[in-house]
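Heads up, the next two complexes both have chain A, just with different partners, chain B and then chain C.
Entry: the complex of A and B
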């Protein structure tokens, strides 16, 4: 290992990365557009349920109950208007009471998850129960475990940060994969290896170039969107580990791809698979626990926990371990493929 | 004179296919050795073993007195390599390609312009290599091989696919380097190039060296000299007659032709390296 050689090779790789118009353009455009998306997204969460009601007979006990529970309620006179309010998402859901107030129909927007549909139906049934004058002879108590998030739910823009950071890192990783693929296909690797440059020098310099091209843009994004808060050192740490992990993916893609199209093809496939855990962060419960078997989960989830739940180093220790060990395996695989291709 | 390149029973196989079969040869300081053979004969495999890109399966090679298996990186710091295929950084300029390799060799105060001028690329130094013709790229490749002022130059088919002008310029450069004391190992399947440049040529066929000597000695040993005479026949048509020299009845045959026929042209003809290669191996060089 020769530090001077590594410095020269790293400089060369970064130079070539930015000479590739496609990757330099998507680096800059991606960074700017992700920042714009962040600032466009709402910074607060509307936690209130808006209810629409249509009842020919005025409700008495139910409306008193709704008032007491601070539920914003809109009353409608026509069923068409009631349905329109649900479809246009002006309300969370709607209840149509029958003339004798003994039957109800609950209208729910099409994109509401199964669990929420059931919850809305229970609310509607309870309202009917109250209106009919029944009381349950039971006692219930609410105990919040952990920090009570009422009034401080995670806004979409903060949920989006780990996802976008991952997108940014992955995009840059494809640029690195392209550099590796070009080095092999253009046979420049043989020109390097016929000088005092060793295979380790090439590996280390590519890793450094990869770190610079993935870590710096993602760090800029974090600083611009979240600022430098008390969690910043831990964010930087997991970002660094995450970049090492994605660089190992870049090595594998670069070692098996024959050209730019190969990089885009293999990279695109990897990109899609590795993106699944992000959806889980954006919309919890949308995927089952199998997404945890995708290693990128530990980068996105780790970032999510630090940014949105003030997780400590101890909380993300498992994440770090899995990212590093998976990265190590992928590096090894990339090395095997690279060795096969350069003979 | 000291041996700069020394190969002893050098052997390499790709799986079960034996590419180079126990070849041995020496190249002395300041000498140009032409390694001549058809495609697939084992030239490039030998080349790759000598520059340290392939590890010999058997045998040894010493460059500048150092073992290529043990001191690969030290050797590579003192040699220049030009590959058969173009492997330049196409997005970089000619100048940046040379500076990059100078930096890798740790050369301070490197002047790329001097080299680019020597290969006839002055004024093109800042152009991206991807905009160059094949001949221009090959010149950059040769210039790159000279960046570290190498004591030994390894050139794999340096003029392959080039126009005559570019080929001639590259040949001049090789001879210039030899004048400056460099030793040259040149693989080629171009017999004229080998003949023009090499002090000695080695014929390689199916992984084995079948002959190794100076071009003149090889021609004298294996070739046949002849006299080609174009004569005008009585009906006005031209006829070619060939008289082999060095035969017992050669003088009589020549006398007969000159006496009976009307001579149009007379040329002496000597065997080419390709003739000799065919004679030795039963196959051509292409």
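Entry: the complex of A and C
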């Protein structure tokens, strides 16, 4: 292993990476557009139903019910204002109570899906029953599993950070895979190996080039979007491990792909598979627990837990171990394929 | 131009392309996206609360609650499975139905229900599940009082999300195959120098171009028709729809040929696709985000394809259909002229 050679090879690879218009364009465009997407997404979560009520008689039991079910309530004095609030989407729906509070009219925006219309109707009906005192003899024992996030839900903006970080890393990995496959396709690897350069020098320099091209953009994204908070060192650490893991995937793709199209083909397939766990971060419960068998789950979930749940190093120890061990196996596989191809 | 040699070339395209990655991109990707979108419609854009139920005994609640559209119901075989699914967010709320539940409800005895709540579930989802369960229990208990609840819909009925995304999918179906297949096929021939070999054979340059155009056109047309079938739209008004798709596929393949003639490598093609793709897809954004004024979309050629397709998909008929068809024919004639000129100008140098 020669440090000077590794330095030169790494520099050459980075230059080559940015010479490829496709990958340099998606690196810069991707980074900028992801940042724009982050700042466009809402900062808060609108998790409550907003209800407008018009009732001549004050509601007693219903008010308590609404409070218990976290329904935000606005009271109106005229039907016109009540309807306007629905049309202008200031509220989810509205209820007009009759004078004797025995009849109601439910106003729902026309573009609301059928399922939600039914839900609003049930809320209104239940409200009427409660107000009239027709309650059921049922006692409910509620057990909240995990931290109760009502009132402090994670906004979509913060949910996308781990997903986008992973996307950024993965895209750069395809660039690295392309470098390897081009090296084999263009036979330059054989030229290199006829000089004092060894296979391990090439291996290490590609890893370093991969680390630079994956780690730096993802770190920039994290700093711009989240800033440098108390979890920053842990984020940097898991990001570093995650980059090593994805580079190993890049190695494997590069070693088995014949050309650029192969990289895009195999890489695209790998990309889709590895992307599945992200859906669970964006929308919990999208997939059942099988998704945890995809190793990228441990990168996305690890980042998600640190960013959104203040997880500690101990909490993500298992994630780190799985990422490193899977990465190691993939490196090994990539190495085997590479050696077979270069004879 | 001889039909026999053209079909031989076309056969060659049919044989070699399905093995390439571009074929996956052009055909499988739009179809997969369309299926995924239709599957996700119920979960991503219309957030229906998910309720898990474990019943220790036979109960009518399962059957009744499944009839309600306001919640999605999933049955579990044990408390452990229910708890684990709630913990993972697969359901927002999981309830355990105890033994003798139905009888107690009917007799008015006090019933104890255990419910597990996913910590990250939204307050509104919890509320909807609670009232839906309440509604079903009232139904089961036979204590549903005769109250008067009228529903009135206010405002305009907008496009549902499944339809808002449809323009994007249909344009992808027509244009990915239409553009990428002829262009990459030409680029690869140039790169592998196989075009030189063909040029010294009895086939003419025009026959080569027509066979590539034809293959892109067939794939583009077939993919778009598949999308219409997946979305149950083909039979809405088939004749105008198919005519529009044919004109769209012709447009796409002319674009593809032009790109193949003027550019030599696939990386450049991807760069162009990323930056100039907006020319094709902008009209779809108007449907996705109705806040964008429709007048801007009229400056883009695909608007004249998308507008009648969407009108037919939503209302079953397109107003001024002949106008859109004429505009599309004119665009295609212009593209045909440009392609012919380009082949004349650049063909010999390819």
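To be clear about the criterion, the second predicted complex is superposed on the first by the 248 of 343 C-alpha atoms of A that agree within 3 Å, B and C clash if a C-alpha of one lies under 4 Å from a C-alpha of the other, contacts with A are read in each partner's own complex, and residues count from 1 in each chain.
Everything below uses one rule, namely that a contact is a pair of C-beta atoms (placed from the backbone, for glycine too) under 8 Å apart; a residue touches a chain by one contact, two chains touch by 3 or more.
Keep in mind that what you see is a predicted model, and the values were worked out from it rather than measured.
Contacts of A:16 after superposition on the shared chain: chain B is touched, whereas chain C is not. Once the two complexes are laid over each other on the shared chain, residue contacts for A:29 go to chain C alone; chain B is not touched.
Once the two complexes are laid over each other on the shared chain, residue contacts for A:193 go to chain B alone; chain C is not touched.
In the superposed pair of complexes, A:8 makes contact with chain B only, with no contact to chain C. Between chain B and chain C, the partner in contact with more residues of chain A is C. In the superposition on chain A, the residues of chain A contacting both chain B and chain C are 20. By the touch rule above, chain C contacts chain A in their complex via residues 20-22, 24-25, 43-44, 46, 48-50, 68-71, 83-92, 108-120, 122-124, 126-128, 130-132, 134-135, 137-138, 141, 143, 145, 147-158, 160, 266-268, 270-271, 274-275. Contacts from chain A toward chain C in the complex involve residues 20-22, 25-26, 29, 45, 47-49, 69-71, 83, 86-87, 92, 98, 102-111, 113-119, 121-126, 128-129, 132, 134, 136-151, 153-154, 260-262, 264-265, 268, 280, 283-286, 288-289. By the touch criterion stated above, chain B contacts chain A in their complex at residues 51-54, 73, 76-77, 79, 81, 83, 85, 87-92, 100-101, 103-106, 144, 148. Chain A makes touch with chain B in their complex at residues 4-5, 8-9, 12, 15-16, 19-20, 186-188, 190-198, 343.
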